[in-house]
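Each of the next two complexes has chain A plus one more chain, namely chain B in the first and chain C in the second.
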Partner chain A sequence: MALLERNEWYDIARDTNWTPTYVSQENLFPPTMSDPYQIPIDEWETFDEPYKVSFREYVRTQREKDGSAYSVKAALSRSRFYDQACEGWASVLKLHYGTVALTEYQACQFQARMVRFGPSPSMRNMATFGMLDEMRHAQLQLFFPHELVHRDRQYDWAHEAAHTNNWAVIGGRHAMDDIMMCRDAVTGSLMVSFAFETGLTNLQMIGLSTDAANMGDFTFSNLITSIQSDEARHAQLGTPTIEIMVRNGYKEDAQKILDIAFWRVWRLFSVSVGIPMDYYIPLEQRHMSFKEFMHEWVNRQYVRQVEDLGLAKPWYWQHFLDDIENHHHCQQGGIWSWRPTVWWNPPGAVGPKERQWLEKKYPGWNDSYGTYWDVITENLLADREEKTHPECVPIICNMCQIPISNRPGKAWKARPYQFEHEGRRYNFCTEPCRWIFTTDPNRYKDHETIVDRMYSGEIQPPDLDGVLKYMGIGVVSEGGRDGYNYQWIEGFRSAAAE
Partner chain B sequence: MAFERVCSLDDLWQGEMENFEVSGTEVLLIHLDDGSIHAIQSICPHQEVELVNGSLEGKVLTCSMHLWQFDVSSGEGINPTHAEVAKYPVRVDGEDIFVDTKGIEPKFTLA
Partner chain C sequence: MANDSNELKPLKTWSHLAGQRRRPSEYEIVSTNLLWSTDGDMPWALSPNIDMNKWYLKYRNQSPLKHEDWDAFRDPDELVYRTYNIKQDGQETYVDGLLDEHNRNEHDTGYGKDWLECLAKSYTPARYLIHTMQMGSAYLVQMVPASTIENCAMLQAADQLRWISRISYRTKELQKSFANLDFGGQERNRWEKDPSWQGFRKLMERTLVTYDWAEHFVALNLIAKPAIDEAFIRQLGKASRRNGDMLLALLNDAQMLDSERSRRWTKALVEFALNIEGNRTILEEWIKKWEPLGDSAIELYCDGLPDSPEASSEAKIAVKEWRQSIGL
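Our next item is the complex of A and B:
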């Protein structure tokens, strides 16, 4: 029997919907899990995802992709690449695997919620593929680093990070719990599929795959491309949902949902992508600065897409543009200084040539961030390594869970943005992080930052060793050290000698 | 009309595609197996990835990044169908291929 063409049967198969008779519609799709706006079902039945795939096609394509990713890995496993790779690139890999691998499993659970509670049959159908995609991504990104564990125990964080209370993990967990794990299907599809995937990570994957190829890491480059190729399907869960919300009078809600999620993901994205692009990847292999990447890829595309949907760019756009100039430079300084608290070996890597590059890409860098590194460099040149480890405790943002900081030097823009609620004072890094808290204080008020936990007595003993152990350092693996063993200061020593 | 010479037939064999800059615009020039020659926008209307890295089977071009598919003879999207790539007029004169990009902008599509 001849098979029908996909377009001859697709719509009717995909749109098949329940007509409940034994339970109410509300019991079958509780608003808190499904659609809190209670948009009529015939509106949801207009949901049409543009990129279509049948299950048969899905299985065939995914099988081919897996076959390709695993055979490239097998073919290159005898190459000496990972033995010879510099610690800067290793840091990119360790940071990526530790923050991403099990987050993919969370994304799988999130997709599963849309499979069950999505108000539109097409949405549930597409989310089924999304759920299988995310499972594949988690498994690939657990398997690939696994063979590296025997070379370097820090790769074990691919599997372990999500099970620890490392400060970087708490930040990721807070954001993912907020936008992905604890939202109804409709809100989640805007936050994850549109703001997170379409807005930021899809484009990041394109850049990361290019970086990997430039580094000669074709296993990782190919892995990232393979993962990225799945996104066309499930990232499109957001757009039709936004269109239906706007058409039914929920434009302002859609705007707020996107603005919350975009900022939440941005704060993490800047650390996990900005620092690697501008500091970890060796100068010779950098293909563009993080700022150029944001302006050339993310900003233009995101604004075009939200405007096409009848929405506006986020109200905090100016704050966001400012954050592109600052946030990841601050956190490179912070992460490097508190290097024993992370599971990779962050290279300082701000030698004379790197500083020239940073000044060119970020005019004014030397007069601001440079002053921070001047002190560190001076201490290292004078053999006072111990002075490069801070003894104070940072103030952590009660929203993004990242240390509060901003441009140093003459401008000195670091300050907390505060908010009092039910007798407790909350500190925030920026106006948008504070704004997100005020949109729903009950949702956020009970969470404690890693530093709150030191003061509240949860971390015992509340000293450096106690905190490190609490964060999994020395338990999963040793914490970080300078990735290049301070080699990057040698350029200054020879310059001084001349 | 502002046709500009891009290359000769010898530079682009049947079944091949290549990027060229024509009057300041990046154009993907495609020589199909049936002998016809087409010029389309060089980037995918989805997320602006270079289409030249995709694969060409018959007249179907599949983008390497998210597997979007286009009929290069018409410029229409095959999957998703609401997508479309801009087409530029092509003229072959003897051995030379000419393309006119005047007044045509690349297209972008939401997904």
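Our next item is the complex of A and C:
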């Protein structure tokens, strides 16, 4: 065919800035929606996305990708697979779809913000594809759990979770509203395209896809690999934005923006991916520990990428490395103990073999987290299931909205980091969460944690049933129970008998 | 653990669709009730006085156009992402074929001087106009109160990028064929200065800064878009047929297919809004306010088309008739 190559006409299509005269430039691109740094327009016009695609190529490629993702043949084997899938894996799916599907959909609105208010025409065009990508991701990740909803009402959370006040959802919304929905186009592209999509979505998507294939869930494995191929393309919106900010004297702002977003997304992902990788996936199918994955796929790459751009790794890097060793272990203990409050069935799954594996991957696990599970195991062996449900109310971090907890053990103490602002005391899980609050107290000060809402009277009646109902438990579906019906303690019983 | 679990019956579909008497379509499963910022009084989970909460409260939640259940809106085409790609892949293959055939027959070399001037003045600068429509559609995407409306706006934004790409493609071809005419260089100046574009530029700049979502919708989809359809797509298409430029005529016909889809959901949304008392007055007042800008954009543009004395009045009548046909 005698058609022009894309590169021949591409620059014309992204030469669409003009000088408005019927309205002011400032009204057309309000700084709070567009570019609060007010970097000159000709600087923005140097924006050059590394990966280029035309509309023509986009619809063809995406049609092909969807053709395999939605294949009818796969639907049949899928149905056989779910007939026999274990509850540990089902929990991975329920957690994933509940936290991801609608987040992808809100991302359409964020991409649209870059299409409307992005100061560079290239950014506006690229984000148009990004917006369509996110529409795809939302629709795929609603279509597949919908096939499962007749098996188990907990899959209804794929659609409903974001409409509830479940504590896990409050955490996700707070972070996403902070870094994605309530940012101008420029700041948002650093936070979402770079810190989130370049830095951490590998974790969500690649991290789980190998485990999914090992489980035999090829649909899910293909699905998230396919989604990741879109992410890898539109994530590239971040790099040129950072280059332009750095070149124009906004290096410190860029650094701060990335550091805020990276931490916020990390705290979510360590729960939504770390726990599945190290606890929910049966031992035989685990391909890597979460920590190994973080070091191999996230840490080294992220540091290299920020340094290539003339920035530094976050100031809290040491806290972060520490968090990789601890946070998801703490939360596995917390979520399992509070299992009636979640929409999946978290397996305790710390039998003798699993504990050996955990000790090998995380030296010292037995003497710390192991002691927490010792008490639970003893209670279960002695038929005191009711004692495995805690009675105290946890303290919630005023930033990440996750219960504050620390590594248990001989020197165990749960110590919140605090900050006073306008007469109110705020609690934080870690120094970075506290730091984020101090960067803009006005932004965060009015938000109430789930526990604040229990005390303020918003949750009625303020008892356990009232709280569960408020969180959507018993409304959307039943809450969680142990995913393996406590079978994982049997190894200890037989060890004791010998 | 005491809860109401025994009342939770097994589901055949999402709980929020379970009340329907028929089996939900793929469209409904993946498109309905997806916004979390419309659930409570405060759109976003940060302090009420941050800019973004104030923006959404003012321009979305407090818009004068009201409906108690925007989520009940349905796209008459029931498009989902994957069907959009299937359709547009087919359409783009068709357009590739047109361009290929034209190119192989060296049709560009057959254009006369006057027609080339028309292309430079009234065709290639349109990438700026269509880009403003892309931006305006993307504003709707982030501000509309329901995901089913948002999806329509997203695909409308994508359509605009499609045509910016094709116009840019043709601009490059013309540049290669006629190096002396500054195709690819002169368009911005025409868009900013040529009288024939100033009506559209004024209309689009004003539309883009109209931040109330519903008024933005009126200005964009009830005034600007039909004006572009009738003046740029239809009347320029007519002129191209008269001047022997069958390629442009067919390209614009293909673009009109996208516009017709936009008109279908626009009509559906207007009808949906008109079910609520009080909305008619609001829509009609906005149309009264914006119509002169739309008409003037049509006039200035059409008066610049060669041999088209009726273009302006035809286009103005066509947009009015269309608005009447949808009850306005």
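The definition used in the following text is that the second predicted complex is superposed on the first by the 485 of 498 C-alpha atoms of A that agree within 3 Å, B and C clash if a C-alpha of one lies under 4 Å from a C-alpha of the other, contacts with A are read in each partner's own complex, and residues count from 1 in each chain.
Assume contacts are C-beta pairs under 8 Å (C-beta built on N, C-alpha and C of every residue); 3 or more make two chains touch, one makes a residue touch a chain.
No experiment lies behind these values; they were computed from the predicted model shown.
Asker: With the two complexes superposed on chain A, say which partner A:287 touches: chain B (first), chain C (second), both, or neither.
Answerer: neither
Asker: Looking at chain A, which partner touches more of its residues: chain C or chain B?
Answerer: The partner with more contacted residues on chain A is C.
Asker: In the superposed arrangement, does A:384 touch chain B (first), chain C (second), both or neither?
Answerer: neither
Asker: Should A:424 be classified as contacting the first partner (chain B), the second (chain C), both, or neither?
Answerer: neither
Asker: Go through the superposed model and pick first if A:360 touches only chain B, second if only chain C, both, or neither.
Answerer: After superposing on A, A:360 lies clear of both chain B and chain C.
Asker: Would you check which partner chain A:198 touches, where first means chain B only, second means chain C only, and both and neither mean what they say?
Answerer: first
Asker: Between chain B (first) and chain C (second), which, if any, makes contact with A:206: first, second, both or neither?
Answerer: first
Asker: Same chain A residues contacting chain B and chain C, which ones?
Answerer: No residue sits in both footprints.
Asker: Any idea which chain C residues touch chain A in the complex?
Answerer: Its residues touching chain A are 1-5, 8, 10-16, 26, 29-31, 33-37, 39, 44-53, 55, 80-82, 84-86, 88-89, 92, 95-96, 99-100, 103-104, 127-128, 131, 134-136, 138-139, 141-142, 147, 150-151, 154, 157-158, 161-162, 164-165, 168-169, 171-173, 184, 188, 191-192, 201-202, 205-206, 208-209.
Asker: Would you pull the chain B residues touching chain A in the complex into a rising list?
Answerer: Contacts found on chain B: 46-49, 64-68, 79-83, 108-111.
Asker: Which positions of chain A touch chain C when the two form their complex?
Answerer: Touch list, chain A to chain C: 1-4, 8-10, 12-13, 15-16, 18-23, 27-28, 32-33, 54-56, 59-60, 62-63, 66, 70, 102, 105-106, 108-110, 112-113, 115-116, 121, 124-125, 127-129, 131-132, 135-136, 138-139, 142-143, 146, 149-150, 153, 156, 159-160, 162-163, 170, 173-174, 177-178, 181-183, 340, 389, 442-447, 465, 468-469, 473-479.
Asker: Give the list of chain A residues in touch with chain B in this complex.
Answerer: 50-53, 61, 198, 202-203, 206, 225, 228-229, 231-232, 235-236, 239, 297, 301, 304-305, 308-309
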